[in-house]
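Only one structure is covered here, and it is reproduced in the block below.
Order of writing sets the labels: A, B and C. Residues in every chain begin at 1.
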Amino acid sequence: MKGELISGLEKNIEEINRRTGGSSDILVNRFVTGGIHCALLCCEGMVSTSVIAELIFEPLTSIPKKKDAHQLFHYISEELLLSTDRPEVTDYDTLFSLLYSGFAVLIADDMPLGLGFGVQGYASRGIQEPSGEGNVMGAHEGFSEVLNTSMSQLRRRLKTPELVMEMMKKGDKSNTELCLCYMKDRVPKELLRRIRSSLNSIKLETILTTGYIRPFVESRRFELFSSTGTTERPDVLCSKLIEGRVGILVDGVPFAVVIPRLFCESFQTLDDYAYKPYYATFMRWIKYMAFLTAVLLPAVYTAIVMHHPELLNSTLLMILVESEKEAPLSILTEAAGVLLMYEIIREAGIRLPKPMGGAVSIVSGLIIGDAAVKSGLISTPLLTITALAIMSGLCVPELNPPVTILRFAFLAAGGILGLFGISLLACAVLVNICATEDYGFPYTAPLSPFISSGMSDTAVRSSMKDMQERGFTVEEYHE
Amino acid sequence: MNKLTGRQLSAMLLISDAFALFCFRGGMSLTTAAGLSAGILLQFIFALPLALRRGGLSSGEQGFYAIYYIIWGGMLFNMQWDTSGELYIPYESSGGMWGKLLISGLIGLVCIYISSVGIKAAARASLIAAAAGGVCIAIVVFSALRSPDWGELQRAESGRNACSEIQRGFAMSGGLGGLAVLLPDVKGKKLHNITGYFAAKLVLTASVVITTVLVTGGISDITGFPAVRAAQLSQPFPSQRIDSLFMIVFTVYAVFSIGIQAASAAYIIGDVFPAAENYAGAVSIVLMTGAAFMLSGVPLYSFWTAALVITALFGVPVIRGICDKIGITEVKDC
Amino acid sequence: MLKKMILIMITAAMLTGCASSGLVHDKNYLRAVSVSGRERLEMTLAFFSDDEENVNVSGKDLDSALKNAEMKTGKPIFTGYTELVILGDCEYRDVLEEMLNSWKVSPSCTVAYSESGGAVLRKNGAELLSGQIKRAEKQDIVRDSNIVKVLEELLGEQQSAEVPEAGMNGISSGIMIS
């Protein structure tokens, strides 16, 4: 779509109509001002009509006669100052990019330039509480779909010139704006260089979610756990930027990508730093155990009951034998069925229309849960175990996708080969996690390589004074 | 190669040493503990020159150690083959020869994966596995020591003298080849790292052997694998068995012991034959399997095995000396 | 490509174990056993489940006797929970050795002696006998006689071990077996 603007007004407008296929959301307002024939272009629904009427049209139509279009544009640009944002438009790519971003663009006869005015007025969701990443003691603001709003949320929290926000556009068709955020005095230069290089390699038509760009900034090797993170909270992103990490905001997406991400951070929340260290440490360890429970509990239960019953005491075993007597299927099949049922109900809960929420609760809770147990299809101990595993997984929601898959994999390994199978799979998973490394930052730091100073915010949560003295930046973990 | 840390190297070597202890055959006694401990002290002395060495390995040394890794990996495969029959791996899947082949095959496949991700990832994973396994071993040791019969230390007899036990100790220490190869790539003071490793090895060996003697000293005549049997007989509470906990440790340590040898061999093979870099891991496992077949009749604790290990410790200076004499002195940087 | 092949091979290898039924209630869990006889072993087996009655079988060795018991009950017998072994006149060391190595009985499994072990087990029941022996140990009437300790003594210099004697009227003080 490259091409410089045509000088003649009518030919210019014809060319615009030709390129847009006569799209009816492009509004062309013709008028004469300063003795020059002009036209103000805007996109319906993207601009604020009141702002245009008061701040653009009124001043524009009161301009005294000018010698030519160049003088007119000079007068508007230097003396009228109709908006804070007044980019020049020299080609049709820029013209359409501005129009579709909510700008109004002024073109004139005999003028190969256009002048944009930032009068955005499109409807957008305001700042709301993030849907995930809930917390008790911190802010209740989440990012918004509008990039500028998200940027302002960061700027309000880090009022320092060290915070740099680099804008760029990606996506051949979508021209989506991305914002690379970092603290220039903290970020490792090599990390920044490599991230820029990775972003430059993006060759996509559109960018609609963070998932479009994350594969480009991660390693190509198969990784169970992602070495880049996302966050919906500006306070969390600020805490990461202070540590020398890089954030990427995407226009239209209320999530930021954080690079690099470590495994231990999935168990950290902002609430940890609001409570006393002893309580925060206790909650940290609860989450570590919850993660292991979520992944391993159904598998270990299945393995022990099917292959290693001697590990249970006799009383417990007899209870299990009694409860499984009426179950027609093996424990492995039962457990897999219950977990699959949960995933179906969970997915249905996310996708279903709100009016149907009550019906789903009744079907899943009463019909599937209660009736299945009473009919003997599923045993109560197994249901308890899988419910415990599922609830534990919800303690670490960020790791939900790999936890879900690993849960099934470990269940299969444990059910078929017992604790031996679980051990083998655990070795493979451990090696995969330890091999996850991007930009020279091992995903398992500070556990392996073991960095004792890192334990102050991993194994325990030290006091803020101790952590402040440490002055941590992520470059400490670089190999 | 990028740098390893001292802890990672120690973890890799200790896993291999612990696995060899688990696979120990024949009786154990106080003489065994004393002999193995003396052997560790000798190994420490022999390993001291490695701390003073500068630079990486030459091509000749790489070739030697690649072969060494293949042989030691084959011996580890044999140890795992012999010992897995003693463990209670689910009987429905491990019936007879096919079951053992399945178990060994699965371990081999996981080892191929470990070797494909590289020595650095394997080193990181080893540290975590060694720590977790160490906790489990400590649980087994404390369970065994709940009601010990200290008289067993005097009564138990292994039927071997101290020199024979020292030889055994060397024969079980095949991981020392890894010390010779990987020590140049370790960050920090090498002498410090070596001392820490051998101290940990001494504590591990002494505690496992003494615990085994206390638990199985009286029934050593009917015990093929005393360390395994000691773990199976340890119970923290009268009504609670934990032998399957030991099986987890055994499996993890078997995988990492063999996998690290394969990863190290793959690194060397990939360096010497860059065209084979993508398949170096699989090639090393296949070669190790072949070595396991060829060495299946070789006694594991023989003089020749011990001599091989000693050669691994002294291999670098000896080969370097020979290459200097011939005129080949190319040494690669780390 | 190589990694895909590895994944397929691992999945195929693991699925070879899928043929097993894996039903926990499809087994009988042995609680106590009495063994006697030298030429031909006579065994009485008592199980945890109240639904299963005691089973009397015989065989030329422990393995064949156990197989006969599985035929009689129609289910595989899991021996890892065995709490009590009552020995009559038999090769004590060989029987206990096989139980420890092949049956993988618990290390805390108690060994007792009885001239008519099968009858004692049938009359008193495994739960009562196990409880009586535990109380006797606590009251120092008999010493701790778990299978490992008894085997150690049988393999030691004396080649004899002291175990409690189980009679129709309860547990009496220890008796030497060799």
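Here is the rule we go by: contacts are C-beta pairs under 8 Å (C-beta built on N, C-alpha and C of every residue); 3 or more make two chains touch, one makes a residue touch a chain.
Predicted model, so just to flag it, every value in this text is computed and none were measured.
Seen from the Cα centre of chain B, the chain whose own Cα centre is farthest off is A. Taking A-B and A-C together, the pair of chains sharing more C-beta contacts is A-B.
Centre to centre, using the average C-alpha position, chain B and chain C are separated by 36 Å. Chain A and chain B have CA centres that are 45 Å apart. Chain A and chain C have centres, each the mean of its CA atoms, that are 59 Å apart.
Across the assembly, chain B contributes residues 88, 90, 92-93, 106, 110, 113, 239, 241 that each touch 2 or more other chains. With touch defined as above, residues shared between interfaces to two or more other chains in chain A number as follows: 306, 310, 314, 416-417.
Counting partners per residue, chain C has 3, 14, 17, 22, 80, 104, 106 as the residues that reach two or more other chains.
Chain contact summary for the complex, chain A toward chain C: residues 222, 305-306, 309-310, 314, 317-318, 320-322, 324-325, 327, 330-332, 412-413, 415-417, 421. By the touch criterion stated above, chain B contacts chain C in their complex at residues 88, 90, 92-93, 102, 105-106, 109-110, 112-113, 116, 155, 215, 217-219, 221-222, 232-235, 238-239, 241, 278-279, 282.
Touching chain A in their complex are the following residues of chain B: 2-3, 5, 7-8, 88-90, 92-93, 103, 106-107, 110, 113-114, 117-118, 121-122, 124-125, 127-129, 239-244, 247-248, 251-252, 255-256, 259.
Residues of chain C that touch chain A in their complex: 3, 14-15, 17-18, 21-25, 29, 31, 48-49, 78, 80-81, 83, 104, 106.
The touching residues of chain A, counted against chain B in their complex, run 221, 304, 306-308, 310-311, 313-314, 416-420, 422-424, 426-428, 430-435, 437, 442, 444, 447-450, 479.
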